[in-house]
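Please go over the structures that come below.
Both of the next two complexes hold chain A, though its partner changes from chain B to chain C.
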Partner chain A sequence: MSAKLKNKGVVPSITVPDGGKWATTARNAAAELLTETGLPHRRDEYWKYTDPTTLTAPEATPAAIFKSDDPLPFSGVDAVKIVFVDGIYDPSQSDALELAGVEIETLADAAQKDIHWAGSVFGVLEGRGQSPVSRPLASYNTAMAEQGFVIRATGKAAKPVSFIYLHESETSDAVIHHTIKLDEGADLTVLENGPAAARINAVMEVEVADNAAFHHVRAQGRDHERRTATHIFARLGAESSFKSFTLTVNGVLTRNDAIIEFTGDNAHATVAGACAGDGAFHHDDTVFITHDAVNCESRQVFKKVLRNGAVGVFQGKILVQPDAQKTDGYQISQGLMLDENSTFQAKPELEIYADDVACSHGSTVGAIDETALFYLTSRGIPHKEAQDMLTLAFLGEAIDEVEDDALADDLRSLLQGWMARRHG
Partner chain B sequence: MAALDDVQVKEGVDQETVEAVQSVGGKYKYGFETDIEIEYAPKGLNEDIVRLISEKNNEPEWMLEWRLSAYRRWLQMEEPDWAMVDYPEIDFQDQYYYARPKSMAEKPKSLDEVDPKLLETYAKLGIPLKEQALLAGVEAPEGDRRVAVDAVFDSVSVGTTFKDELAKAGVIFCSISEAIQDHPELVKKYLGSVVPQSDNYYATLNSAVFSDGSFVYIPEGTKCPMELSTYFRINAENTGQFERTLIIADKGAYVSYLEGCTAPQRDIAQLHAAVVELVLLEDAEIKYSTVQNWFPGDEEGKGGIYNFVTKRADCRGDRSKVMWTQVETGSAVTWKYPSCILRGDDSQGEFYSIAIANNMQQADTGTKMIHLGKNTKSRIVSKGISAGKAQNTYRGLVSMHPKAQNGRNYTQCDSLLIGDKCGAHTVPYIEVKNNSARVEHEATTSKVDDEQLFYCRQRGMDEEEAVALVVNGFCKDVLQALPMEFAMEAQALVAISLEGSVG
Partner chain C sequence: MLEIKNLHVGLEEEDKQILKGVNLTVETGKVHAIMGPNGSGKSTLSYVLSGKDGYEVTDGTAELEGTDILDMEPEERAAAGLFLAFQYPVEIPGVGNMTFLRTAVNAQRKARGEEELSAAEFLKVVREKAKSLKIDADMLKRPVNVGFSGGEKKRNEILQMAMLEPKMCILDETDSGLDVDAMKLVAEGVNALRDAGRSFLVITHYQRLLDHIKPDVVHIMADGKIVKTGGPELALEVENNGYADILAEVA
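Now for the complex of A and B:
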């Protein structure tokens, strides 16, 4: 008897939205799978360190709106802005859906058609990512989502697409599904920021064809009480490149899943994240990278700074299939605990079936390096400032994974803001 | 080992490594069977069998009750399925739970009375049970080290050597069945106190049906005058071996304990579910070394031992220290996580493991370091080597509890794959709830103690050599301490370089 059946979770009632043939097929398949697996619960191996109860409850736990006069992240970036309010697309606040080299369409519009290119991606990559580990929240999303975009990059995009998720209702419960396809040689950057809702379940599927490059930079909103579950499913063709970075400050619960699959040779993927948590903060990064092609490189870099009872979780896995020779897999997860009350839990896994590979992983947890601190204070830098410098340097190593300097600077200033508020 | 001969060895893996693995994974040398009359309990498992085992060992009522409560608990439990091993479902009713050589019906009073065929078996395995000769120094070559042995054959202990000399030092070393009768107060106090009856499926099964095993008590302030060892041999067909080992090191005591295991070559898989409990009081130290060489099954994966073992040390006293060393070369399926509960302040746990899986073998092994006390330290060095179509998994837990102030852990696990049909996996769990604790998990070879590496590099060694020296330097001490013949094979493994490691 499989563990899955033994520990089966609650099956929610699902009414698949009306739509055309391709969307209905995918939604029904996801709903059927969810009926088999049920929703996740604490006894699932992949939810060992994160309690999914509030993510799976029928109603979202109300979350206070966070008010700030600070400009939104990436607001200085020239991009096609697409605004969601409490998980609903708001055309009045958004730019026109026009971008050279890119087709942008709402999921709702695309789903009405019987035939659409999105049929080869929507629910397909998510479906592939359901094995060997089931991801019921993603099944739920595919079956239920009416909000989201289908985006196809046919060439090099002139500027990024920027999703802005505003949170205005204390009880909002959002389900958003983006479907993205990069044709051969295409190049696209997608930015995301904002809390979205009291609770959000977001899925992004990204098909990266041969020689294409996808960049993703995300800043998860600062609302203290928001609850977030995201999944990114990506499939990479030959010589392609995929880079995703997430910065998280605040949020009572965040679970970010990234499921990456290499199907073409000589491709590269980076999944990185930095988070700073203070008090009621639970942050979980769960990554599953499957190498099923030759000479591909994957990097996972995750840094977490925790204090006042914050909890940081990292579950990362590199799976190297039998013929994925010359794989280079790297994985580092580090926790920096600023006081005695915080928790860091990590499960950095390797599963390797090919012999000519170089895979390594490292995981460290500890307090701030006293020697480094002493070095700085002995040179006249006040203790708090020295601590901030070391904390920023620690998180900076993850931000270094962001290729675009302007975006990286934006992220650094967000972190500096966090530091300043900490002392305020 | 045909599987290895055909393998295209990748550049970077040196020939010495391949040969060392071949010599270990080669023809199983201990696959012979002793032709001896065996008395079985009826096949299958029920309360009557539990009663029968208890009766055969002349156990007091409280022991029978203990077994029965474990059995009833076991009936409610489910077999765990989280390990990365795959084997046909075990029919627990198609096994014998008790097998004893007929000649052992009356317990021999001394080794002289033991059936010569049994003594021959151990002699063939390289285990000397003749202490007289050694004592007199007649046959013992100069410098030969003395080791007291408890030999367990199927379900019973055949004999224990050097008992009298050990008794002079106050050390109790006997089979657990004897201990239940002669030292009930110690057994009652400590049995099940480290691995509770309901700990896990196999430990609970063991609690119900364990037939024999070793018992050691080292009194306060005593350094055990010689190394102790238990040699487990499965001989009978379709028989599960369920031994139980309990070692208590009182305040300031020290003992080094060695364990070896072999079984005949058979087509049908056999079950082995042991429990080992170590109790360490203040300032006590136990070194526990295992060379596990159960029959691994043939090249097609037929037969072999299913080795489901629960081993745990409880460092109850401050400044106590435990060291697990294991060389795992045998068994068709291994499921084993020797663990340390670091309860006492300043206590230390160490785990050194070399696990080699070849042909169709599957090993899921590692350790748990539970840091509860202040200033507790632990160190894990694990090397997994896979060849043929084998799967080798390191699974470990390092847990720093909120009160484990200044806890330290360093973990290093390296894997080596020889051939492209095998697998090497790493599943570490790291749980830290204390910011003064420092936990490092490294799987890259370059991250061995940098100072030691630097020292070696400075003296002209290349990095590869330096790493091998530093890591193997660790294992070597312990490997050399193993008295059994196949320690030689284990030592051959030290030659294995870290080239091609994948973490």
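Now for the complex of A and C:
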């Protein structure tokens, strides 16, 4: 039973796309729930620190295209590249949908079939994530999304699947829904990068079966004016592993939700993020982890560097159900403020019903370490460069959560380049 | 090389005067030592010369090769050839020692209009110098000073000095916390850098470092002033009789 939002917002008129039975069933259920809850509103507790108005408005606020000659993130990675332009899949710019150990299909194609494995995941994990907190933007996405992929890994994928979201129209409004399933023992990496559109609502559902490992690394694009709402819903089987990392630089508004559920014993989940915001930048990481199995470990590591009035938000909850003994839950969120105009708000929450658990959470806000800064400058490193080194070092602790060293190095050099060019 | 005249320094945050008219001239190619009881202002002098925030110069001047340095940024002073080996080297998590060294060396070269060292050139030089200071590859890879022992931190300071090749080296209690072997290593590192064009200001508590790094001139600092200046024999006097006699004599 899903709790209603306290202040029911606008209920959008919804006509779900045509499709096979499984897809239509899920879409109708999502639409029905959305009619019940309405869209999120500023006065909703869950949106206390982030105003959802522009995310729920009928039209996307136009966003200027960011032009850069820099290579795209992960462009050096050998992967199956799947390109979207303004939220629409563009096969002409994409690789063939072929990858040993992995089945890749568009949501549109899969939805036409009457019977499909995706029926056990699409809208299902998202639906489970609607309780105890409603997530109307995700309901909207499930009901309406026609773009996205359904991906099933049956074994160890030979290489990653890389989604590239290009932004070409200043008024584009994208709704993308990926449905991913890892069979027992499978191993898959999904990369995402790019702003996608002036506004994007993205959902990714990931079913990770026993002994499977899912890796997700995302760079959210440097367009200053883009608005982004993402949800990741994951359900983890026994001995499985789930790791998701997000790098965000720029973007006027970003809300990243991750909803993780442990259903099998001895599993691991990491949700981590690093962001750097300057000026008109509002970045919200909201995480909800439910431990409902024995001896599982979850990690949340979020670092935000803010300046010139940028705002960082972290809401992280660990819920430990009565039978989830030996849970190890770790959560850290840190803000590095480069001036006094910026804001970092953190709301860590632990709700624990088991008695044999180790959960810890911490949140800090601080300025650059002046002693370290003096040490660096006294060696001849210019002030700005020294500040960048310390900033990178701070964010680097979140990037360290990325398991693949090559990808982590990629992220570090991306950040370094962006910072160096900022003050050319 | 370094000329300090009537230097008065207080704290920015509180009304407290620490240096009360320091006069000191270090000639090119010479080694001067400053000794003095705890709290006499030795570290403050070294910080003010290298440009640390929080101090206010209320009177006096400090010139490096004829240029006033007190209005310069710390990085400008470094590029001009000033180096401070810290009494308490700072730990910087997340910044690799090697990256730090290379960034510093190249930043100084750039500031002086010299060509930057390539990664390969840099590596060659740093390995060679690290070896003579018994700094292993692991210490070069680790974050700056993080998890280093006291002796390792001090050797790392000397490595930085060797890489940056400054003209004016200030060593603030580089001997503190070192055992005899480590002190010898550090002293050898310093002596290897002794050169007709390079000057040293060695701040120390104990005579023993000065057995290894032979000073030309020894100063005694007390309560924010240089109260006595002499030759190496002054250090021996301190070693044998403590500061009390000297302080009584100048009081």
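The definition used in the following text is that the second predicted complex is superposed on the first by the 416 of 424 C-alpha atoms of A that agree within 3 Å, B and C clash if a C-alpha of one lies under 4 Å from a C-alpha of the other, contacts with A are read in each partner's own complex, and residues count from 1 in each chain.
One rule holds for everything that comes next: contacts are C-beta pairs under 8 Å (C-beta built on N, C-alpha and C of every residue); 3 or more make two chains touch, one makes a residue touch a chain.
Just so it is clear, the structure is predicted and the values come from calculations on it, not from any experiment.
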{"item": "Fit or clash - chain C, chain B, common chain A", "value": "fit"}
{"item": "Chain B, chain C and vertex chain A (Cα centres) - angle in steps of 10°", "value": "80"}
{"item": "Contacts of A:322 with chain B and chain C, given as first, second, both or neither", "value": "first"}
{"item": "First, second, both or neither for A:359, with chain B first and chain C second", "value": "first"}
{"item": "Partner chain(s) touched by A:393 [first = chain B, second = chain C, both, neither]", "value": "second"}
{"item": "Contacts of A:344 with chain B and chain C, given as first, second, both or neither", "value": "first"}
{"item": "Touching partner for A:382 - first (chain B), second (chain C), both, neither", "value": "second"}
{"item": "First, second, both or neither for A:371, with chain B first and chain C second", "value": "second"}
{"item": "If touched residues of chain A are counted for chain B and for chain C, the larger one", "value": "B"}
{"item": "Three-chain overlay, closest Cα atoms of chain B and chain C, distance in Å", "value": "13"}
{"item": "Chain A residues touching chain C - in the complex, by the definition given at the top", "value": "370-372, 374-383, 385-386, 389-390, 392-394, 396-397"}
{"item": "Footprint of chain A on chain C - complex, ascending", "value": "50-53, 73-75, 77-79, 84, 86, 89-90, 92-95, 99-100, 103-104, 107-108, 111, 143-144, 160, 164"}
{"item": "Of chain B, residues touching chain A in the complex", "value": "10, 78, 81-82, 84, 400, 402, 415, 417-444, 447, 500, 502-503"}
{"item": "Interfacial residue positions of chain A with respect to chain B in the complex", "value": "1-3, 6, 45, 49, 322-323, 325, 335, 337-340, 342-367"}
